[in-house]
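Worksheet: one structure, shown below.
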Amino acid sequence: MAATPLLEVRGIDKSFGPVQVLHDVGMNVYPGEVTALVGDNGAGKSTLVKCVSGIYTMDAGTVTFDGEQVAIHSPRDAAALGIEVVYQDLALCDNLDIVQNMFLGRERVRGIVLDEPTMEQMASDTLASLSVRTVKSLRQLVASLSGGQRQTVAIAKAVLWNSRIVILDEPTAALGVAQTAQVLELVRRMADNGLGVVLISHNMNDVFAVSDRIVALYLGRTAAQVKTTDVTHSQIVELITSGRSGNLGLPPERPAAAGFIDITPPGAHA
Amino acid sequence: MTTAYSSPMRVAEPTVAGHLHDYWGRVRGGDIGSLPAILGLIVLCLIFGIARPTFFSAVNFANLFSQGAAVIFIAMGLVFVLLLGEIDLSAGFASGVCGAVMAILLTDQGWHWYSAIPVALATGLAIGFTLGFLVSKLGIPSFIVTLAGFLAFQGILLVLLSGGKNISVRDPFVLSLANNNMPAGLSWTLTAVAIIGYAAVQLVRFRGRAVRGLVTEPMGIVLARIAGLAALLVAAVAVLTQERSINPLIISVKGVPIVAPLIAVALIVWTFVLGRTTFGRHVYAVGGNKEAARRAGIAVDRIRISVFVIGSFMAAIGGIIAASRANSVDPNSGGSNVLLYAVGAAVIGGTSLFGGKGRVLDAVIGGAVIAVIDNGMGLMGFSAGQKFIFTGLILLLAASVDALSRRRAAATGNR
Amino acid sequence: DDGGSGTTGDGSVGKVGIILPDTASSQRWGSDDPKFLKAAFDAAGVPADIQNAQGDKSSFQTIADGMISSGVRVLMIVNLDSGTGKAVLDKAKKAGIATIDYDRLTLSGGADYYVSFDNVAVGKLQGEGLVKCLTDMRYAKPVVAELNGAPTDNNSTLFKQGYDSVLQPKFDSGEYVKGPDQSVPDWDNAQAGTMFEQMLTQSRDIKGVLAANDGLGNAVISVLKKNKLNGKVPVTGQDATVQGLQNILAGDQCMTVYKAIKQVADAAADLAISLAKGEKKTVSQSIKDPESGKDVPAVLISPKAIFKENVKDVVADGFVTKAQLCTGDFAKLCTENGV
Amino acid sequence: MAATPLLEVRGIDKSFGPVQVLHDVGMNVYPGEVTALVGDNGAGKSTLVKCVSGIYTMDAGTVTFDGEQVAIHSPRDAAALGIEVVYQDLALCDNLDIVQNMFLGRERVRGIVLDEPTMEQMASDTLASLSVRTVKSLRQLVASLSGGQRQTVAIAKAVLWNSRIVILDEPTAALGVAQTAQVLELVRRMADNGLGVVLISHNMNDVFAVSDRIVALYLGRTAAQVKTTDVTHSQIVELITSGRSGNLGLPPERPAAAGFIDITPPGAHA
Amino acid sequence: MTTAYSSPMRVAEPTVAGHLHDYWGRVRGGDIGSLPAILGLIVLCLIFGIARPTFFSAVNFANLFSQGAAVIFIAMGLVFVLLLGEIDLSAGFASGVCGAVMAILLTDQGWHWYSAIPVALATGLAIGFTLGFLVSKLGIPSFIVTLAGFLAFQGILLVLLSGGKNISVRDPFVLSLANNNMPAGLSWTLTAVAIIGYAAVQLVRFRGRAVRGLVTEPMGIVLARIAGLAALLVAAVAVLTQERSINPLIISVKGVPIVAPLIAVALIVWTFVLGRTTFGRHVYAVGGNKEAARRAGIAVDRIRISVFVIGSFMAAIGGIIAASRANSVDPNSGGSNVLLYAVGAAVIGGTSLFGGKGRVLDAVIGGAVIAVIDNGMGLMGFSAGQKFIFTGLILLLAASVDALSRRRAAATGNR
């Protein structure tokens, strides 16, 4: 679609102490497109997202936003660029209620006073658009929400803002059937509105239903970056589980990645 | 994109009965705010009142305010620190240092109160900034930073008072702060202002929500709350404006102690800051989940520094009030039990040591519990050892009333 | 003197409130004074409320507030510092209550009476006692260490003033050598032990220790014992506690200062009782308030230095009983020293 | 299959303060069968599980285990009966490592000393059976695990024991393709070994692939309890989203459940 | 069902180089254990050693042990309480009460040490049980329960000492605990036993894992660790068995202070309990995530009670040692800075106030930091005020060395 990526990450390395989790990872996000980021458990998807959003500092690599190289040192920097993230570990404040969480860091004020009615109304509108039905009150503490309700609040929090890139890390994992449909629809609609959307998911049906491009990570390396229309379901599954599929993916001679101990039963790779 | 939807919330009609039912549900569920602490307070008052009828005299009631004031001010500041899950062990001696700075400027340097007090407060701000900086920028645990402060300020106090002198405070304005009363007329005027102000805020908020079609409390409840506060204030002021001099021929003592409105103003200001401003919201957020706050783009370090600044600033006020009450400053000002009592006040009121949970009102309620215990114990005439023991037991009793009335909270898994 | 406490004439007996300062600076406040005062008031049939402020000024004032509001007729205080003391005395006078400064003079406080030992004199006795013991030991140019009381306690300053007035000239003349000189926070004996151990580590030739009370003295002696220097390095004390007296009998401590607490307590109680009955006694002595310059009517009892020879005087006075003192191994020492 | 249920819960009510979350809920679990518990977000599935496992005390209702009525006051009681649960909010100790978490509360000892080698070996075997591939070390703190890795540890922890009933609350939500397959296979295998298995899931494919019975909750009420073979995919979705489907489900006259404010956009029910 | 699979783990061959590389990676990643606290300790020692050469003398080294012992014992117990995220403010005065019980039984009642000491320890157990019961069964926050204890025990101490008398301890056995040294022969024997024991444990564990094919540390590292400990112990004992009497003609003072092996035994026992028993595992679990522990079937209440029991038991030992060192018990025993120093010791060593993180060794290292500060300050000859100030600053300095060396931890997001 668009020729220049909105967000371009190149050569990212990231280690936690002695463990290197990302090796020279790259990814492009184009405006108006949904880029699906897939990979096995522990492949490094969430770590990549956290590097991009300034939660982790990366050991090496560059981030280019809108053609310019940027330095993202904290979530504030990312937010300033218009990057909004729904994290897998939701990061809500259990001691605050739904509205307070949704507007955290960007409270509406009138003068110096918080404009609670406006925020409550906006929160209500956004949640309604996400098929939330069983929330008793918007003033309920998020600590008392069900798994799916928490996730919806986190999603609502991120889509409330006019950002340029929205990254969603397994946003539908805990959602019910109707809510999942709503979120996928929302993802598509955001892309159609010109945003760059990154969707992390283990559900291949969802990935193929909604994405334009797929980036596959394998043991902390970019195995492939392809257009969704160019690949099949089973090719992607192969990329995820073994890092390569036909002529796609990582070179075959690489060993099972240094430092990781393979404790998979033989035969489970199929 | 959210505007693509109309707001479909069906707002339940607020009814008094429904509200009371909900409230009862919350109480049964253990979500009962300051009720248990107040219950504990009432139990204490009854015990002391029965043991020593003087306890309920007007003069004793008035004493309570100035006796509790310093600890309450310090505790208010500590609430902010505790809300972040931090601790400030140095608050007691910081209050002593600030009081000493004021006393030295007033008495030794001959300054006026209107220049000495600001310098003392500024000292508090500087202390808080230093502590906060060390905690948030160097990353040293606040327990250690403020333990170091506890020791260092104790030393500074000794040095300031050149190795152990006392410095008397003789400035009439400063002395009046903790020792004098407002004239009856002013007492009543302020009371009226307070009640009207409270009513206005409540009603404006009610209308603001109702107009937008948001869920409101029933009007009856709002009115009942206003009436309740009014009744409480009027009763208290009525008692306090009675003549309570032991020897009315020598001197007339009546009116609301000046510290009472001071406490009220601090309570209102900080409650406003915590509850109705962005800063307050961020304090709760950082205390509840630091990482979530950081991810939401909150400048966590700045918040951490600010709470220490507020903590030490309120400690400075506490120190000034203590100096006023004692008419002097000595090397032990702010020492002995001041710190533990201040932290205890906040915790008894319901503030959590783990952060994220607490209100400024907690400091006042908890401070009242401590002041009542101290006051009541003073009337009982125990020996030194007995007094310590009974103070401990009474504190435990007040806390168990609280704990037992919260028991259902645990039973419903709602902790 | 100003009235307010004038004779009631109806012969009724008022209550007396007494506030003692703490329990850390000396054992007297926790045990001796309350005991003797209570005995005196009980004997006179005057109700008395004796409380201790535990070193906390705020609590001191709270207790005073409580006593004033419960209607005492006489208030007797041992102030924690002059400022608080004055605040309390002022409040009491406004309520028409007669006041007595006990043990510590409240500067500018204008109490009706002052009953005390002379604390500077106590220090002087300690200094003189140490000189005597050092002379007995025949040490040439002994190094003398000082372990003062709590830096926050005004009495420590007074004691120090007393013993320094004896020792400083000797330091100046080169007769003695000034050793380490430190104050013990809170009169804390455990800290005193560490402090002295470090003094001894730093200057190994310490030959005499001026410890401000028996508790600190005992801490010093425990360190000396570790190095088998006990008995060779004279140590002073104060309060004539059982512990101190035993240390003296054992030869580990040079001297202590006995303050006949029963005497002051009786004198103070005597004044308070008459005030409570609405009478006003006249006393012969007076002391000048250095701040206000006014004369305060005073009863001053002089302290007494106790060495091994006159330990028996303390027992004879009933301050400690023979049973308390002569336990175990001390029975023999008691007989040797005629207790 | 089996005539008498292994676990039978009847008439469970549960309120949190003023909010009633469960209304007269019932459910049967049969040995040798997989019972799927489905329902919308916030329907009360997790709450029901926590009532059964003794985390919450229920306000009313009975639990019958193996034909005998039992009182379950704490997770200890549940474990004593042989009820093992994988909670949705995983409840791992972040400050302990993988092995320590897996054996928490049931440590192997030799004398009074913890038998670390044995535990480490057993943990390794179990994890291997669940297709865990990217764990660097079994001595890694669970705080440093990826979302899917955490979930696997929680599952492994529960299946390590010889229990009689295993309840899994959305066990595959964060899992990759291969790991999900392993867990579903495991679920089936456990049932085939005679255990009673309860599986909570929002994924209808998984539910139909693996379950023998389906219990549907709707706004805190049991909408239906049916054999999987007797219903269709779309019937269950209807039960979940509207509480009834044809002659199945709750009586139609019930209002949208007292106390809940419906903030769903009109039309989202479809 | 798990046995259906063979264990397919491929165990990497352990190499010394690889291990050192991993260790360096951990250090860079901020996972550095007690390294920074030890670094801080070394910096402190250098400062004091340069300012006062006596600091490095054998006699001063020996002093450190008995000076630090009481706080270290109390801190060891507090580590357990802190591991649960609780606090015990009463530990200081609990130690005083237990010391007083022993002193009274010995001196006033004429009991033997072998009956008086157990009664004192039992008193500690009883205190801990009471505190733990109130915290876990009534659900009163530990801050308040132990604040009440802090007050009440202070009172009990006064009552026990009939209002403030000091009681001398003259029992030679009790006095020897904190004041005497072991003969050189015994010192060396114990050292040898310790080294051999450590080596045996390390090697047995190594073999146990290697035999099962589990990942092991490389043999070289294990041997290096054993050699390191041996070197350290031998050096320390060599210094301590030198003559260090002030007046060697009168008395010979040499050998390892008796408290040293006492501390070592407590350290070993509690480290074993925390690290190698089910109970210890459960303590960490409850501290890390109480709800997870409950769900895992751990009897949380029982664990909570036990940590308070351990805390007060260790406080009792601390109190006995303090009484032994001071040769007496007074109403301020365990008061003043004892509590803050003990908690500070644990926290400086690296124990978290929020629970779940800490080791018994932390108490020893942190206690050493505090003892060194106190000891060094004693040599400097400052005035009281200066001393407080410098103590605070030095404490801060030690903590910043720690904080700064942990900075990378934050940078890598690995907090």
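The first chain written gets the first letter, and so on, giving A, B, C, D and E; residue counts start at 1 in each chain.
FYI, a residue touches a chain if its C-beta (ideal position, glycine included) is under 8 Å from a C-beta of that chain, and two chains touch if they have at least 3 such contacts.
Chain-to-protein mapping (UniProt): A, D = Sugar ABC transporter ATP-binding protein; B, E = Xylose transport system permease protein XylH.
Because the structure is a prediction, the values reported are computed rather than measured.
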Where chain B and chain C overlap in contact partners, by chain label: E
Identity of the chain that, by mean CA position, is farthest from chain A: C
Pair exhibiting more inter-chain C-beta contacts, A-B or C-E: C-E
Centroid spacing, where centroids are CA-atom means, of chain C and chain D in whole angstrom: 73
Distance from chain D to chain A - Cα centre to Cα centre, in angstrom: 27
Averaged-CA centre spacing for the pair chain E and chain C, given as whole angstrom: 38
Euclidean distance of C-alpha centroids - chain B vs chain E, Å: 37
Multi-chain contact residues (two or more partners), chain A: 16, 19, 55, 124, 128-129, 137, 144, 261-265
Per-residue multi-chain contacts in chain E, two or more chains: 5, 8-9, 158, 163-164, 383-385, 387-388, 414
Of all residues in chain C, the ones touching two or more other chains: 23, 29-30, 34, 151
Contact footprint of chain E on chain C as seen in their complex: 23-24, 26-32, 34-35, 151, 180-183, 185-191, 193-195, 197-202, 204, 214-215, 218-219, 221-222, 225-229, 232, 241-243, 246-247, 327-329
Contacting residues of chain E [partner chain D, same complex]: 1-5, 7-9, 208-209, 212, 214-215, 276-278, 281-282, 284-285, 287-289, 291-299, 356-357, 414
Chain A residues within the chain B interface of the complex: 53, 55, 74-76, 79, 85, 87, 91-96, 100, 104-107, 109, 112-114, 117, 120-122, 124-126, 128-129, 137, 139, 144, 159-160, 186, 189-190, 193
Chain E contact footprint on chain B (complex, rising order): 85, 87, 89, 134, 138-141, 143-145, 147-159, 163-164, 340, 343-344, 347-348, 353-354, 383-393, 395-396, 399-400, 402-404, 406-407, 410
Interfacial residue positions of chain B with respect to chain C in the complex: 52, 54, 57, 59-60, 63, 67, 70-71, 158, 163-164, 166-169, 179, 245-247, 249-251, 253, 322, 325-333, 335-338, 374-375, 378-379, 381-385, 387-388
